[in-house]
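Note that the chains take the letters A, B and C in the order they are written out, and that residue 1 is the start of every chain.
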Amino acid sequence: METIIQINQVYKSYEEIRAISDISVDIQSAELFGFIGPDGAGKSTLFRIMATLLLPDSGEVQMAHLDTIKDYKKLRTKLGYMPGRFSLYQDLTVEENLNFFAGIFKTSVSKNYHLIKDIYQQIEPFKKRKAGDLSGGMKQKLALSCALIHKPEILLLDEPTTGVDAVSRMEFWEMLHKLKTQGITIVVSTPYMDEASLCDRVALMQKGKIMGVDKPQKIVDLFSKHLIGVKAKNMYGLVNKLREYPLCHSAYLFGEWIHFSSEQEVVKNKLQEFLRSKGIYDAQMQNIQPNMEDSFIDLMTQNIIE
Amino acid sequence: MRIFIIKEFLQIIRDRRSLLILFGIPVVQILLFGFALKSEMKNVHLAIFDQSKDAYSQEISRKMLASGYFILDRNLANAQEMDDVFREGKVREILVFGNNFGEELEKNGNAKIQIITDASDPNTANIVYSYTQAIINDYLMEINATTIKPLMINIETQMRYNPELKSVFMFVPGIITIILMLVSTMMTSISITKEKEMGTMEVLLVSPVKPWQIIMGKVVPYVILSFISAIIILMISYFVFLMPFAGSLGLLLLETILFIVLALSLGVFISTVSKTQQVAMLLSMFALLLPTILLSGFIFPVKNMPEILIWISHLLPPKWFVIIIKNIMIKGNGFMLVWKETAILVGMTILFISLSIKKFKVRLE
Amino acid sequence: MKQVIVKNLVKKFGAFVANDHLSFEVEQGEIFGFLGANGAGKTTTIRILCGLSAPTSGEVKVATYDIYTQREQIKKHIGYMSQKFSLYNDLSISENIRLYGGIYGLSRKAIKEKIEEYIEKLQLKEYQTLKVFDLPLGVKQKLAFLVAIIHNPPIVFLDEPTGGVDPITRRQFWEMLYEEANNGKTIFVTTHYMDEAEYCHRVSIMVDGKIAALDTPEALKQKYKADSIEKVFIKLARG
C-alpha cells in the first residue's frame, strides 16, 4: 500500500483562536478514512488545508505526492472536494449543476458517467428540478456526483451526512464503499460517531487535536473500563443515582441503555441493592460491549483532565 | 468559459429580483423623471414685451396663446417690469420683440426674438423654450410657403437664474450613468460574493478554473445585459421624451461599453474585498452610488462645490462618463472632443481589472 | 392531560400532500420523538403545531387551544427551539435572556430571577460577560433551550436541537430534557441521531407524509424485530 496523503505537524489559527494544532496523519491509497468529531473540532479547517484552500501556519501536507502549497494548481485537478454545506447552485437544475461542474473540470458528463452512474441514477428522474428544491439526501447525492465527475484521485468530503436522515446516510455510505473499490481514496468527516465503524481507519478529533488514529475496532478496544448497561422506567432518576455510586466512573445515556462505567469490576447485585436503597426497584442490567462513542467520551474526558 | 457564461445567464434569468434591477428600475426611473416633468407643461404663464406691435409680432403672440400651452399673464410696458414678473414667480417665460421687429423682417428678411425663461425650474424652462421655438418655426414655415425670399427669425435665449440649464435632457446622461453603475457594479459584486456565501466558490477554487476565467464568466453576461438596458433607456429618452441626439450613435455606444466594463471591474474589485453579499451591497451603495449621485455633477453642479469635493469628484468614474454622454448627445461632439475623458476611463478600467486579478484569492484567505 | 391532539390532519401544497391524515396525541410530561426522513413532512407538521401555518383540514389542538381559532394563545403557550439557535450572537447571556423575557411579557423582577437561575443552572458565572458568539457550542445550545422555555410553556418543540454537538454535551442536553419532562413539561423533539430516539417515551416515524409507526421504542423494536430504532427506521423508510 502506498501513502497518498501525508499530513505533517500542521497548525492553523484564526487570529487568536487555534483551529487545529499538531495534526499528523498518513492516509493510504484507496483507503476510506474518517475524521470524527463534533463541531468546532477543526475538521473543516483541516479539509480546507487539504483542499489547498487554506495555508497552514506551519507544517506541511502532501497529497498525491504534490505539496498543497507549492503545487496547488496541479493538485487541484486531482481532487474532488465537497465542502460542508452542499455547494450547489440552488437556482440551477440537477442536470445544469452536473454539466457545469463537468465543464469547469474540462470534461463531460458522458465521459465519466460510469463513475457516477449508480449515484446519479437515483436522482436522474428529478434532473429538471432545481437543486434548491431537492431533499437533503438528494442534494447530497447530487453534490457527490458533481465532486466525482472529473474522476478525482482523492475525494474530500467534509461532513457529507450532517443533517441528513438515517436512511440517506446509510445509502451514502454504501456508495462510498463502492467508490472505494474503484481505487479512489476517500477522506470523510462526520460528527456522527456511529459512522466511524464504516471507515477503514478513523482519527478522533476534539478541540483542534487528534485524540487517536486507528482502525475503528482498535479504538473501541482502547476502552479499558468495565461497562454495564442499566435501564429502568425512570431513566433520568436512574442516571443520577448511578452517578452517586462510589465505584462509578461515568454514567451516560446511550439509547435504550445507560452505560455505566467503572475502573474496577462492579458486582451487579451490589449495584442493584444500591439502586433499591435509592428507590429504584425496576433496574435491569446486562454486560455490554463498548462502542465508538464510549471510546470518544472516554478520550474526551481524559483530554480534559490532561 | 462558455459553460460559465451559460450558467450565469441561467441564474440571472431565473432570479426575478436581478431581472427587475436590470430592466425594471431603469425603465421606471426614466419614465418617472420624464413624465413628472412633462405633466407641468400646460397653461404656462407667459408675459409679452412687444415693443414693435406690428402684424408679425402680434401674429406670433396669437399663435403662442392659441397653442394651448401658454396663457397670457400680462403685457409688459417696459424693461424694468421683466425682473418684477419673474420675481413674482408665476411667469415662466417672457417673449421680447425688438423695436422694429416687423420692419426688419420685411427689409432684411431677418429679425430677432428674445426668449427669456425662468430657469430656476430648469426642466420647465427647457421645455417651454423648445415649445416656443417650435411654434415660431411653424409660423416661419407658414409664411415662407408663400414668399419667394425665405424669412429668418433669430431666436436669442436667455436663461435666468440657472444659466447651466439642467433639465430632463440633462438627467438622461445622469440616469444612464447611475443605472449602469448600479446594475453593473452592484450586481457583479453581489453575484460573486453570493458564491462565497453559498460555498460554491470553494468548489470553483479547487477546480482548475483560472481566476480570470471566473471573473470573465461573471462579467460577460452583465456586459451584455447592462448594454441592453442602456439601449432601452436611450430609446425611451429619444422616442418618448424627444431628447435631442446630436452626436454619433456608434461613438456613444462604444463609450457606453467602456463604462460598463469599468463599472464591472469595479464590481469585481469590491467582491474581492468583501466576504458577504451584504458587505458588497453596502460598499456599492454607499461608497459608490451616493457619491456618484451627489458628486458627479448630475444633480448639483460640481463647479460650486468646495475644492476638496471637486477633487474627490475627479476620482469618480461616473463624472467623466456624464461629461462624455452630454458632449456626444447634446452638443454633438466627436471623439476628438471627448478623448481626454475616454482616456481617463480606460485608465481606471485597467487599474481596477489589474487590482481585481491581483486581489482575487486563489485560496480562502 | 393531552398537550397535543391531532386528528386527520391534512396539509396540501397544490397537488402535493405533505401531511396525509395524521392522527396522534401527546401526553403532558411526555418526551415525544418525531422522526422521519428528509422531506417526509416533519417540518410541515411542526410549523402547523406552532401556529405558523394553517392545515388544509383536520382537527389540531396544542396546549388545549384550537389551531384555527386560538392561534395567538398557542404562540403564548409553546416554546420553540430550532437547529439554528435563536440567540443573538452579539448580545451577552443576560441581554439575551432579558430580550426574550421581554418578548414574552415577563416582569422585570421575573426576568432578573430568570437570569440568576439560568446562570446558576448552566454554571455560566465565568461566561457571564461574554457575547453569545464566544460561548462553546454546548453552552449556547443549553441556553437556547432555557430561553425557549423562559415563559414556562407547558410544551416545547425542539427541531434537531443537538446537530453537530459533541457526545458528552449531547447527553447533558438530554438529561436536561429529562429533568424538564420530570417537572411536567411536554417535549416534542425531532432528531437525526437514532440513539436519541431511544431516549423518547414514545416515537413516531413519518414516511411520505404519513405516520408509519407510533409507539414506545421498546414496542417498536419488538414489532419490527430490530435491535435498535435505527433499524426500525431504515426498515420503514426504505419501504
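One rule holds for everything that comes next: contacts are C-beta pairs under 8 Å (C-beta built on N, C-alpha and C of every residue); 3 or more make two chains touch, one makes a residue touch a chain.
All of these numbers come straight from a predicted model, not from anything done at the bench.
With every chain reduced to the mean of its CA atoms, the largest distance from subunit A is reached by B. Which two chains touch most often is answered by the contact tally, and the pair is A-C.
Taking the mean of the C-alpha atoms as each chain's centre, subunit A and subunit B sit 60 Å apart.
Centre to centre, using the average C-alpha position, subunit A and subunit C are separated by 26 Å.
Of all residues in subunit B, none touches two or more other chains.
Residue numbers of subunit A whose C-beta contacts span two or more other chains: none are found.
Not a single residue in subunit C touches at least two other chains.
Those residues of subunit A that touch subunit B in the shared complex are 48, 51-55, 72-73, 76-77, 79, 81-92, 96, 99-101, 103-106, 146-147, 150. Residues of subunit C that touch subunit A in their complex: 36-40, 83, 136-137, 160, 163-169, 171, 174-175, 178-179, 181-182, 192-199, 217-218, 228-230, 233-234, 237-238.
Those residues of subunit A that touch subunit C in the complex are listed here as 37-41, 135-137, 162-170, 191-194, 206, 234-237, 239, 252-256, 293, 296-297, 300-301. Subunit B meets subunit A in the complex at residues 2-4, 7, 10-11, 14-15, 198-200, 202-209, 362-365.
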